[in-house]
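So that we are looking at the same thing, I have put the structure below in structure tokens.
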């Protein structure tokens, strides 16, 4: 498909028909190829329908995009939504016909439809739609779209969209026959952060087969060089901030994964190999919550996380408390035995989940408000799920800090973990505190599991992927040091993300491990080592 | 393989001293004490996050001297011993063992090897080893890997251990794990270990804490026996005991990290400041 | 004995359990099916299931146990190439049979193995050809993204040579590997985005196992849509997609020899049987089970073996091998699949599907009929001479 | 010397050890001398399995030396095991000669990466003797270097454990990389011969098995001799109170380094014996989980007893082999439950149970 | 108030306490004397519930507490200053003191009574230092202060003067005397420092090899029989 041709047709008819605002049904002949399987015919049909520029055309195209276009075996086409079938050929709405099947949409058709729709959307009433359309337009605008862009520009009131459209206009003008216009366009694009322009500009500076520059005008070439370096500088900055963000994001994931362990291992001294499985239990609880919402409150499915958080905390805490009461409480002061025992627990929990939910992963979807991302600095997409998780991590850390340092429970908890017998003698019910502490650590692991479910797999092995990293984080930070855990997690995330582009994922990971080993040599007690006599 | 050094035989231990590692070399038999002093501390300051546990402390101990050090809780007595034994590095100041050993640059085992033995304030013994093994481990010998691997206890050495066992009155207990001893018994065992080491300088941090009066007396006797053979520094709060062993030697009073008073026991006990901060009225 | 023992060697725990558990279940279903029709040579089949626990040396041990202790006549099993490599010496030494049901990198032909999954020319090459075609989006630049092990490495090596032969420049190919279980794809997705600024780009993913979910989630959230940068995957099927929210992934592709969405009576019967089996056996999530390519390949493999035994009138390894060549079976893919007379691979149709919002695939391209496997890829130097055993 | 040799174990312990060794030595002989189906025949599968267990037992023994006696918990012994295995594997790969898929004198995976010759670190590995040297040197040097820096920095307890875990994890990732030159995820497999003998021949297998048995016995005696020496008591003092030890004049660094390196070398030898018997070595041997399993063998058998870890390795792996076949869907419950029950009710491991039993008989 | 009858205790097979009995009334101070290793600490631990007993009973105000856990006994008003201090090393001095009030409900445990600083002024300067960093003597004072904050009815002190400077020993003596005179508390004082014990106790018992071998009123403490059991 040639987008240039499409838009030309589109544009001509659009301008023509706009004034008329005609409301005519679409000819059946135009629709029929959509139901067929000749790809070229279907594309042509899409373009022709787009050219109608009517509300019905818009409806049909949107339907293709949303998989809502159905065809009967005899080639009749319907838009079927909410159980009602709209026949674009007649303009009538009725019951869905028998035997109608969704038409097959492949990427090519979908691309054609999107291009066609962006023309419509540029003039839409909804500013968000216009913004999206202008953004798309700005990526690869061509001269054929200039009249449309100018018209939109004239009508546009929103300054952001206006800027985008101006950028799109400049992009289109790059191919203008007029050298001055090209130069102006190149200069205007110096503010762009669109990487797609780089090859276009670079191509101007290359020589063609005859040995002369593709861009004949010296002035334009000079401007192009300046613009390229401006774009490069901007992209480099974007990349830097990108890495920074990715690092914080990875760090917050590590932190959420490790935080529960910072309590059960860091404070209580239990080498809890089942920690990963507590994360997993949190993630599966999320899955179950989602399932309940889908079944019982399908309308509110976006808010399943609101119940998943407390549920995951409680379920994981309950499992933790059960483990503590039945097994772990016999092992205080024997950390290595806890390793052995919790390893066994971890095997059993994994198998339990396999028996209940199957060995396969289960699907946990991001709620729509956590899907997609926000574009900053022109081209950097920060995904919502990661942003939310960063703030969530901050929140959980804050809460843990408050509990540990500002409550009586926290005081008792620290006392018990330091000297169980003496705490008992001053009147602390150590059993109860142990139980609550382990429950708290487990519950927090459950919360970590909710976060992980939003990023990756939810499967029986989920925990195994995080257990080693979690231990590294806690140890690197200094056992029993909450602040150390936080800094270690974020630090590892950042180091990883700045290394990865240079070294690749595997070597970056190896480098991180070597870094940990070397770092511990320098600080044998972790980042936030206990100093003084009390450390002994 | 000779496990134990013959008198006069020495190992060179200069070259590794500054690095964080060295073989556990046996001590040089002769610490250079030509100027008559075995320990010099000069202007030692130890500060923990701004808190000065020791503040420009000066102290000299002569060869064969038995020096008692007293002072309020928290005066810095234990910290001083930490500095001497390499456990704590001073923030500033110099510490010499004899003329040649710069204690501020040596590691714990090297210092021990050079001839400084220490009894800790809280008794620390190897809890899972038997009483006998504790003494055997402490025994003076070449403490490198190979000699240890091929070590066989000679009859002489066994006798020595038996003698010490008797001295510390743990004969019947020699097969018991040290961890099962009572507090006071551990104190004794630690003193026994110290004697096995045959150090030139003994540091005793509160040796009679937790001992009954009778036992305190015995300890005093023991120290009086050792007097002259070793240089000894004793930290104690038990005034009767201090009076007993100090005789007419010097007693040093530490306060807030530096020397408050020094002199004979009577002089010190009469000192107004000492009474005020330490002895009480 | 009045039964014929068959071994099933799939990981039921550990990292590979995600993929392999359903193969074990399908194998058991197929055996039930054959037994219901009277078994083989009048004898019932008896399955011996073991769990090699995603541990490669354990695969070798268990293979030996199946063959020499349990005396099974044939083993159906393995998923990863490394597990296959580790059991090969055992099957050779004990002269026994293995049926391997997963797409793989080729470069191997063992007398004791029948390969019922795809060789590279039955999956990878057609998929790339499709991406380069007008309908596939006319990709000019390629990111070869894979898990770092032999299957992706080899496949990418073949693809590189193939792309080169199609005139694609080195600078237009980017090859990236991540370790098994890698879960943070932020940087890689950002790099793909950067790379795609240079022209129409497609991603060829040989990511295996657990990493797919985080990869696709990141891809979806970063706003890389299939219309911009399509991703074609060789190890992602219906089963893997059960664990992903597929809405943001609509339009991304996978290449296989079978999709559940293929419409034909054999497939309908196969799916129905599987769903009923899952419910009857109370498999976890029985109401949402799906079929996929390796399951189909397992199903086909067991049936073909049974046919070959009937033909050979014996379960003797050499006799069965001789009888296997030329076996045909009406497969759920809608074609009559034939076991090649010489190279132990099936002739298979190739299909390319786009992901639909419901996690199924929409077949957008397929070969006219089954094609013959080339285990020795012509795109690898020195392979010209190696065609047969 | 002989008297001190026999005093390594008590009389009943010697009797038990020798009886077990005799039974183990008999297995391959029964396998060879009686045809399948004969009542006294022992299947090749059983012999191979026991051979593998003996390698594991040796690794567990090596681990016990550092963990049980010196209190250094290594969560990375898998790396030493694997390095020994890889060192031997390099020789075995080269011994394949031209019999690989590509009939090249390079291993298949190198042909496949378009390598034209062996990288430098494969030099001389075609010599069996050199390969054996590597079996000792590779794990030994790694352990020495790693231990030297770690012990010098006085890294202890969990900090040490975790960095050993980081080490094995890093090595695993490194060896998973195909470019590293050790066959990536597939590792080495499909060996053909060793010193000219066909590796799958029953006699070769029997010999490998008997060598393993001898190595295990030798390692046991060596370790026992070490722990009963005064050095053994120093090691235990390191475990209980390292700082106290320094104040009586020992430098713990060299003591720790000595056992640590020795343990790594023993583990490497175990790995080297494992490879030809199991027929594959790949990086998953270095996965953190594998090293943790070694710890578990030692703990189940009884830490700090030397014999215990051997018993533990046999029983845990024996159960695992049985369970994975007998209850493929449920075996993890059984295994997990055993670990829990052992820790809760047998804190001294299986050997502790034996002790307790003996004591109760004595008092009765 | 405290009634101990025929208490027996074993460490493994060694019989450490052999039928120890004693009684202690409110407002009384009982000195427990004996050589090293005779089982004094063991006895105190049994009273606190840290060690299990093999026979005999411990009654507090007539209530049998033999089977109660330490924290339950603490709840009934027993406070313990162990030998070796057992400070919470990584808690600050202030937090260590707060732990002393763990038996009280949260509302009543908000601040530390100023009286404590009067008794142990050194602690006031060290409130934010970690307990484990204190000198031995400072820790001992902290341990006593911690026990007092519980407002116990029975306080058990295991060698409270060990490692303490003379002036503070006098202070501690004053504190104990004060408590005794207040009369609302029973005091069980295990001491090696004979003069100190002699000064404070109303009555005493002497142990040897796990048995009570002598007991009596304060006046009898100096008699030969007692001295013999204390001599080496």
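Note that the chains take the letters A, B, C, D and E in the order they are written out, and that residue 1 is the start of every chain.
Here is the rule we go by: a contact is a pair of C-beta atoms (placed from the backbone, for glycine too) under 8 Å apart; a residue touches a chain by one contact, two chains touch by 3 or more.
All figures in this text were calculated on a predicted structure; none of them were measured in a lab.
The chains that touch subunit D as well as subunit E are A, B. Least step count on the touch graph, subunit A to subunit D: 1.
With every chain reduced to the mean of its CA atoms, the largest distance from subunit D is reached by E. In this view the innermost chain, defined by its CA centroid being closest to the centroid of all protein CA atoms, is D. Among the other chains, C has the CA centre that is most remote from the centre of subunit B. Contact tally for A-C versus B-D: the pair with more C-beta pairs in contact is A-C.
The mean-CA centres of subunit B and subunit D are about 44 angstrom from one another, to the nearest whole unit.
Subunit C and subunit D have Cα centroids lying 36 Å from one another.
Averaged C-alpha coordinates give centres for subunit A and subunit E that are 62 Å from one another. Chain geometry summary: the mean Cα position of subunit B and that of subunit C are 74 Å apart. Multi-chain contact residues of subunit C, defined as those touching 2 or more other chains: 12-13, 148, 177, 179. Looking at subunit B, one finds that residues 48 touch two or more other chains.
Listed for subunit A are residues 350-351, 355, 464, 506, 509, 532, 536, each touching two or more other chains.
Residues 12-15, 17-18, 20-22, 134-137, 148, 176-179, 181-184, 186-188, 190-191, 193-194, 197-199, 210, 213-214, 217-218, 220-223, 226-227, 230, 239-240, 242-245, 247-248, 250-251, 253, 283-285, 354, 356-357, 359, 362, 364 of subunit C are the ones that touch subunit A when the two sit in their complex.
Residues of subunit A touching subunit D in their complex: 265, 271, 273, 327, 330-331, 334-337, 339-341, 343-348, 350-352, 355, 464, 468, 471-472, 475, 479, 506-507, 509-510, 513-514, 516-517, 520-522, 524-526, 536. Interface residues of subunit B, counted against subunit E in their complex, comprise 48, 51, 70-75, 78, 121-122, 169, 180-185, 187-188, 206, 209-215, 217-218, 237-239, 277-281. On the subunit B side of its complex with subunit D, the touching residues are 20-24, 27, 85, 87, 107-110, 112-113, 117-118, 124-129, 133, 136-138, 143-145, 148-151, 193, 197. On the subunit C side of its complex with subunit D, the touching residues are 12-13, 48-53, 55-58, 60-62, 64-65, 68-69, 80-82, 85-86, 88-90, 93, 107-108, 148-150, 153-154, 157, 177, 179-180, 382.
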